[in-house]
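A, B and C are the chain letters, set down in written order, and residue numbers restart from 1 in every chain.
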Amino acid sequence: MIEIKGLHKYFGDLHVLKGIDLTVKKGEVLSIIGASGSGKSTLLYCINGLEAIQQGEVLVDGVSVHAKGTNLNQLRTKMGMVFQQFNSFPHLTALENVALAPKIVKGKSKAEAKEIARAQLQHVGLGDKFDSYPSALSGGQQQRLAIARALAMEPSYMLFDEATSALDPELVGEVLDTMRLLAEEGMTMICVTHEMGFARDVSDRVAFFHQGIMEEIGPPKQIFSEPKSEHTAKFLANVR
Amino acid sequence: MNFEYTFHWRPVMRKLPDLLEASLVTLQISVLSMIIGITLGMVLALLRMNGPKPLAWIASVWVETARNTPALFQLFFFSFGLGAFGMHLTPYLIVLFGLTFNNAGYLAENFRGGFQAVPDTQLRAARSLGMSAWQSYTRIIIPQVFRIVYHPMTNQLVWAVLMSSLAMIVGFRELAGETQALAFKTFRIFEYFAVAALIYYAMVKFILGISRLIAWRMFRY
Amino acid sequence: MNEPISFFSGFGPKDLWFLAQAAWQTLLISALSISTGTLLGVFFGWILSESKIVGAITLGLILDAFRSIPLIIQLVLFYNLFNVLGLAISPFWAGVVILAVYTSALVANVARGGIEAVGAPMRRAGRSLGLSYVQTMQHVVWPIGLRAVFPSWVGVALGVLKDSALVSVLGHPELLKVARDLITRTQQPLLVLAVAGAFYFALSYPISRYAAHLERKWQS
């Protein structure tokens, strides 16, 4: 379970997150939508501990992310993260990209790590690309590689930060399909996304962010057909 | 024009083994100064980018001095300059320190460019997988930086070999120093220096060849 | 500099003047060799880019040798060759000639890079607009190529400025030679080196800063 309590985040004088309260239960798929600059990506970075926070608390399975004594490196292995830029490691093959973290962070043997990597690459449909370098992969393939790399740490949660925004339109589908597959397998997911179709069809709940505030949250049906906030209505009218 | 000089190559050829042995010294001191220079250059680059103020300042002074004064000036610093403090280094150490100081200064700028060319998001991705800062740098960032600076680094090694010839001015007998010593003993200056020039040329080509081979083996992406 | 020199006297104002004169010599040698070397080098670079096979094999190989042999070896070698050939030439002019040739070898590479950076398509575009070869060179290749190679050229020029210190091996009183003599006389190595270093810095640093500034300006 991920619990966010009274979270405030500033970049200098800029107040990016203004008191967020949110709980994501095991097995849930939450989509976060909203205009760019609404703070939704920053929220993911705060959950993962890549950004410091100024007030409030984030608990992952009861462990406070930003508390002093927390072993962040260990805690991060519970949360896989996929970025907008694919961030595949260009100097490593697909297999090495996936096998590296299990080996050096979790201390798996070389053979074990490779076994895990092979399985995860097959999982995301890259079974024929083990020895390819990222430069030889398409954007969609690189993003699936990033998903496999995160999954190889056997995370309890997956955080997606606009995973399809940097992709050519014809490559979006394959990545969304992979995300859908994870959802069906019961992975707990928080997806910051601009793909309204995905948000509506796949998620259990949808949250709408507006200027650092979570305007509303609810089942997709309710958010999309009868939004309570006028900001939500306006945003949805614009993206459709 | 009265042309009275006759070339004598035989005495030089007799001393060829000495010259070849001295060229090994050249290679050895150049490579050693590169190895230390790479390490120091990396540290200087990191200090200059995000070290505490006084250390960043020292790094800047080092880099700018290395890049804006002649290499020979830098050698003089390690000979006469340190002499003022009562430190009298052996000619070998004067050359080694001088070359290393210069290499580190130039390489630091190359490394700085290399670090800036690797996107920040690579570090974020590595950290998000649970890697420590040390692991992220050694496994993800620095290998990419090395790829970027590989060719400038090769050029610096060539430059180090060429620069090591300044040793003849401070009395160290690597190839140039040995050449000078033999040449002035026999007055066959032109012949000796011509042979030395050929050996330098061969060494530089050898280094470039090896470097290309290593690049071909290492950078498959 | 004909007055009797008192040995082992301290560093005085007159010595500062000596060093300034020596710095002027350094500047003179550098300016002469960089300007002639650049002209020669651009010409060589043009030959290299135009006649791929013959140019690369003959001229390319010769120029490559100048880049692969230490300058100090070249200086001693050619200075002696001049003597052997009976050419009476002062260390100053010997230094200038050798440095100019050395510079031209470095500039040739840069210039060829610049001409090639402009690329055949761009040149064809120029020609297709009805420009003559000379006009294409003048209005297309030069302006674009110049910006592309300017930073590397400044690098070469600054390198030669520093390398001119090696003319001291021929005995010409340029900055570093005079500094060395002063160190022997005054026994104040740190002070003399600091002043000499400051002169080099004052010659080199502003140019490199200005070049970096120009480069940034052109990029945006």
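Basically, a residue touches a chain if its C-beta (ideal position, glycine included) is under 8 Å from a C-beta of that chain, and two chains touch if they have at least 3 such contacts.
Predicted model, so just to flag it, every value in this text is computed and none were measured.
J.: Remove chain A in your head; which chains still hang together?
T.: Groups after removing chain A from the contact graph: one piece.
J.: Which chain has its Cα centroid closest to the overall Cα centroid?
T.: Ranked by how close its C-alpha centre lies to the overall one, first comes B.
J.: From the centre of chain B, which chain's CA centre is farthest?
T.: Comparing chain centres, A lies farthest from chain B.
J.: If you average the CA atoms of chain B and of chain C, how many Å lie between those two points?
T.: Computed value for the inter-centroid distance: 20 Å.
J.: Approximately how many whole Å separate the CA-defined centres of chain A and chain B?
T.: Computed from C-alpha means, the inter-chain centre distance equals 47 Å.
J.: Mind checking the centre-to-centre distance between chain A and chain C? Centres are C-alpha means, answer in whole Å.
T.: 56
J.: Quick one: which bits of chain B touch chain C in the complex? Just the residue numbers, please.
T.: Of all residues in chain B, those touching chain C are 1-5, 64-65, 67-73, 76-77, 80-81, 83-84, 158, 162-163, 165-166, 168-169, 176, 179-180, 189-190, 193-194, 196-197, 200-201, 204-205.
J.: Which of the residues in chain B end up touching chain A in this complex?
T.: 119, 121-122, 124-132, 135, 139-140, 143-144, 147, 220-221
J.: So in the complex, the part of chain C that touches chain B is made up of which residues?
T.: Chain C reaches chain B through residues 65, 68-74, 76-77, 80-81, 84-87, 158, 162-166, 168-169, 176, 179-180, 183, 188-190, 193, 196-197, 200-201, 204-205, 208.
J.: Please output the residues of chain A touching chain B within their complex, sorted ascending.
T.: 48, 50, 73-74, 76-77, 79-81, 83, 85, 87, 89-91, 100-101, 104-106, 133-135, 146, 149-150, 153
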